[in-house]
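Shared between the two complexes below is chain A, which pairs with chain B and chain C, respectively.
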Partner chain A sequence: MAEVRIENLVKVFPNGTRAVNDVSLAAPDGEFLVLLGPSGCGKTTTLRCVAGLERQTSGDIYIGERVVNDLPPGERDIAFVFQFYALYPHLSAYDNIAFPLRAVGVAADEIDRRVMRVAETLRIKHVLRKRPRSMSSGEQQRVALGRAVIRRPQVFLMDEPLTNLDAALRSDMRVELKHLQRELGVTTLYVTHDQTEAMTMGERIAVMQLGDLQQVGTPLEVYQYPATLFVASFIGDPPMNLIPVTLEGDALQGASGHLSLALAPDVAGAIRQKQSGPGLVLGVRAEDITLSGGDEGDMRGEVTTREPLGDQALYSVGLDGQFIQITTAPTTRFGVGDAISLSIDRSRMRVFDAATERALV
Partner chain B sequence: MTTQSITPETTRPAAKPGLRLRWLSDRLLAGTFLAPTLLLLLFITIFPLIWSLYLSFTSYNVNSDPSWLEAKWVGVDNYVYMLTTPRVWERFIESATFVVPTVTLEFLLGFGIALLFNREFKGRGLITTVILIPMMVAPLVAGLFWRFMFQADIGIVNYLIHDVLGFQPVFWLTDRTSAMISLIIVDTWQWTPFIFLISLAGLTAVPKYLYEAADVDRASTWFKFRHITLPLVWPLLLIGIIFRLMDAYKLFELAWVLTSGGPGTRVLPVHLYKIAFGDFATGRASALGYIMLVVIIALANLLVRAINRSRAAEV
Partner chain C sequence: MNVQNRQTRSLLGRILFWIATALILVFFLFPIYWILITAFKDRPDITQLPPRFVPWVDFQPTTFNFHEILIEMEVSQFGTATEQSPFLGQLFNSVIISGTATVVAVILGTLAAYAFSRFRIKGEGDLLFFILSTRMLPPVVTVIPLFLMFTELGMRNTFHGITLLYITMGLPFVVWMMKGFFDEVPHEFEEAAMIDGYSRLEAIWRIVIPEVIPPMLATAVFVLITAWNEFVFVQLLNPLGYTTVTPFLYAVVGYGRTEWGRVAATTVVFVSPIVIFTFLVRKYLLRGVTFGAVRR
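Coming up: the complex of A and B.
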């Protein structure tokens, strides 16, 4: 097993697309690190560079203590699970799983023993004689995993391996995959665009956008303390409420006077010191706002919609042409059109610089 | 339920009764449209096929017999004659001497070049088109200009061999062995592009990610070729080989134009032509034609089975 370290990785494709822009990232030995981002954010390219399927334009990649920049994929001691599984269509499941061992000339009885053991773990003994075409996507998925784990590589690289499964199977496989990885203790880089997968599986999440690494942190850190406006809007459902504000005195002021949020002097000072211009963005999660009927809150608005979700209720409140979303206990009973006031939990809010899009406090 | 079934019928426009000919069913209409083509096909392929089959059991001679109706029925005599005449066996062997090396050479060259072309490089499209040109030339025309090039005293080939390189000139089209070699060269020149095209189609159809997966799996270049490329391209290659086998087996124009079926190049179709239109032994010629047909059907069948086996293995 080994640590994976990426230093100042840049990948520019021949057509000029800058897919990965100065990304530095490290996954300690045995960690399950998720690369998360919308399509085209450079996460897959990063993964392919680590695998050696793409040659980076600049930067270094380490697996363990070795610089692997110039090593072909076969010499990096990795296993790669492709989005569409990339099973060999003319080979049976057995032969697919055995392929990495056959390719390096492992003895037949040894291959047989290992294939059987892997098939047992992944519960695919019954499909070993089938070809990929006659297997379900879930079975293909397991065979692809089998081919990856049979070699006991130093690193697993997985490119959206669950994307092609239906929803029920996907949530099962999430648990199973996570369990398998923990059992084998192999460092894993896992690419996905699905934040649920990232939140549930990743020990840490690296959020990428347009080739830039936005933030690396545990799922809770990324959720609660997004480092950039992009992370704030990408993670969480509903996403973080982002409200344009300015700092006046020691208080954040909304555009039309409906929002006035007094800050502690040291917090306001910190913002003043760090901000690059007057524009700020207040970020607050839907569950960190409380509603009341009175006049004493930080914001005033009118209830636009109310969606009872069973375990909670989701309110939308109109404020200066945008909608603020609030989740509350299902027992709150404000109706559409009611004038209400909103109070923000100051310990759980974020303030971003509108120009740099980075979090200030 | 009832309300649901009423709705679509009321919205559909009512059929105008007088316009529809009750006796003209869709089937009959389709048959009417197909009939001219079917009749033509029947006339120019099926009829000759059956007629020549009949003739192959008679002693009919198109030159001397007044009418084929009076031709004498001789049973399987023509077949016995053809299968027991040593000369015919020599022709079979001569045909094999042409077909086997030619198709082998075309396969090796065509597949080999396709392997070289199975990657991106500058001018790939242009060079591919240029490579395909020989295939577009009419065999007769190709034969004609190769005959000029192979001319012993004025041809460019001997000019290069003798005047430029200083070797003995070769009597390309008149010597037994070199005449066959000329034939093989010209056919290979013309039809290697065909195998090349089929191979390239097969090779480009192999998804790139399979090779990436194999790279990660530490497979060597040879291992990838042996265990991924070849098994996936093989069915298509077999189809190409069948086409070339059948085509080379019935090669006529090239041999006719190059040597007029001279020594060493009297392949079966040329021989057949000489029996049919030299000796005018129509009955015997028909018999030989049928023997050739059976042989090629058997051969093609073997290969089709091989294809089906490799296809079945994929399911």
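Coming up: the complex of A and C.
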């Protein structure tokens, strides 16, 4: 077991693509760290650099106390789970799982004992004689995990391992994988583009976009306090409402006067001090807005749609050409076309600089 | 349509299918059968009109022709003078020359193809085109330059000369075919093996090669057949040493009259190794040709 530390990692591909741009990141011993981002954000490249499958352009990678920059993948004491599992097609499940042990010349009876134990944990004893082609994707997934855990590596690296499973199986495997990781206590870097996976499995989430690390934090931190506009728009369903505003006096003003949000003087002062230009963006989650029929809220608008979701109701309210989304208790009964006012929870909102796209408060 | 009607139709379909198959088989196999029985006829039976097709009924089979080509051959019209046949020696040459050329071309070509498939190589497209371009001229066009080159280098009538030539002829084919096959094998296989503690060469040997054995055998068959059947170069470059079977086939036709018996017997012996080899690897051939048609 070991800490994984990435310092100032840069990866530029020969065609000039800057896939990873000065990323520094550390996963303490035993942590389940999720790398989250859309495709092409550099998360997989980062993982492949840690594995040694790509050579970084600059920067250092530590596994434990060791710098592993120049070590071939086989000497880094890691296990990698691929999106397509990469099970060896001509070998049985048993031989696939035993393969890493044979590389280091473990005795046959010891191999047998360990394969059986892993197969028991993963409940795949019945497929050990089968070839990958004749297994279901769930079974293939488990065999791939078996091949990863059998060696008891210092680090697990997983590249979208659940993407190819159907939805029901995926949520089962999420729980199981998380459980397995906790039981083994192996530091895990887990790459995904699926925020549900990230939120449910990660102890911490590292959000990446276009090669840049946007934010690292616990699932609740990145959800409630996104550090950048990108994180705000990427995490959460519905995503955070982002409304262009300017600071006038101690209040945030919307473009057409429908929005006016008085701030505490110290908050307004902090914004004024940090902002790089006049443009600001107000970020607020759908559940942090309350609706009322009166006149006393921070914004006024008109209900455009109402979607009952069972446990809650999702409203869209038109404001200056964009739609604000609000979730409320399912019992609220505003109808389409009703004029309403919206109140924003000051303690749970974010204000971003429109130019730098970073959060100010 | 009722069930019985459908069954009748499918039965009819099966019958038509088998008739068609039988006709096609007869069309392709009959000439081979004719050659085969001709090899076992003596001279008078061969020239009979109408031809005799059923052994032991129409004619009495004899191994005379095989004795001629394999051991000693009559060289006068009256059967009085004989000389030792060079056939077995040339057959041996064919085997070692085409065999060596095939093995070397497949090994070198496979390694090159792997590199083209997996690594970023500067000018990859141009290099591949260059490799293919060596096959663009009709081989005959290169006969004179090659003859001069071989003469100058002292490579005429040698084993390494002609083998090198056949390797050169086979390589582009192997490189192109195998690159396509390697492209079909996900690179994650080697990466997984390398993470599991194997070197790249071990990963190729233990994981990638087993995946491409069927298409590799198919490729080898094609290279082997090309080398085995090659006539022009060996006739010109190796008339006096390391001559293969194809010039023998040409010579055995004879002067003054055509020795059909010898031609047929030579053909039978000449074709057999290829037929046997192809037969042995036939299940791989089919998979080799359809490789990649299956989603991974």
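Keep in mind that, in the parts below, the second predicted complex is superposed on the first by the 361 of 361 C-alpha atoms of A that agree within 3 Å, B and C clash if a C-alpha of one lies under 4 Å from a C-alpha of the other, contacts with A are read in each partner's own complex, and residues count from 1 in each chain.
As a working rule, a residue touches a chain if its C-beta (ideal position, glycine included) is under 8 Å from a C-beta of that chain, and two chains touch if they have at least 3 such contacts.
All values derive from a computational prediction rather than experimental measurement.
J.: With chain A superposed, do chain B and chain C clash or fit?
T.: Because the two structures are overlaid on the shared chain, the partners are seen to clash.
J.: Would you sort A:323 into first (chain B), second (chain C), both or neither based on which partner it touches?
T.: Neither: A:323 stays clear of chain B and chain C.
J.: Does the superposition put A:147 against chain B (first), chain C (second), both, or neither?
T.: Both partners, chain B and chain C.
J.: So in the superposed three-chain picture, is A:72 touching just chain B, just chain C, both, or none of them (first/second/both/neither)?
T.: Both: A:72 reaches chain B and chain C.
J.: Please indicate which partner A:131 is in contact with in the superposed arrangement: first for chain B, second for chain C, both, or neither.
T.: first
J.: Per the contact definition in the header, classify A:62: touching chain B only (first), chain C only (second), both, or neither.
T.: Neither partner.
J.: Scan A:225 for contacts with chain B and chain C and give back first, second, both or neither.
T.: Neither partner.
J.: If the two structures are placed on top of each other, which part of chain B overlaps chain C: 1-9, 19-27, 163-171 or 253-261?
T.: 253-261
J.: Starting from the residues of chain A touching chain B, keep only those that also touch chain C in the other complex, and list them.
T.: Overlap of chain B and chain C footprints on chain A: residues 51-53, 72-75, 78-80, 82, 84, 86, 88-90, 99-100, 103-104, 147, 151.
J.: What part of chain C is in contact with chain A in the complex they form?
T.: 120, 186, 188-189, 191-199, 207, 210-211, 296
J.: In the complex, go through chain A and note every residue touching chain B.
T.: It comes out as residues 51-53, 72-75, 78-80, 82, 84, 86, 88-91, 99-100, 102-104, 131, 133-134, 147, 151.
J.: Under the definition above, what is the set of chain A residues touching chain C in their complex?
T.: Touch residues, chain A against chain C: 14, 51-53, 72-76, 78-80, 82, 84, 86, 88-90, 99-100, 103-104, 147, 151.
J.: In the complex of these two chains, what residues of chain B are touching chain A?
T.: For chain B paired with chain A, touching residues are 207, 209-210, 212-220, 223, 227-228, 231-232, 313-315.
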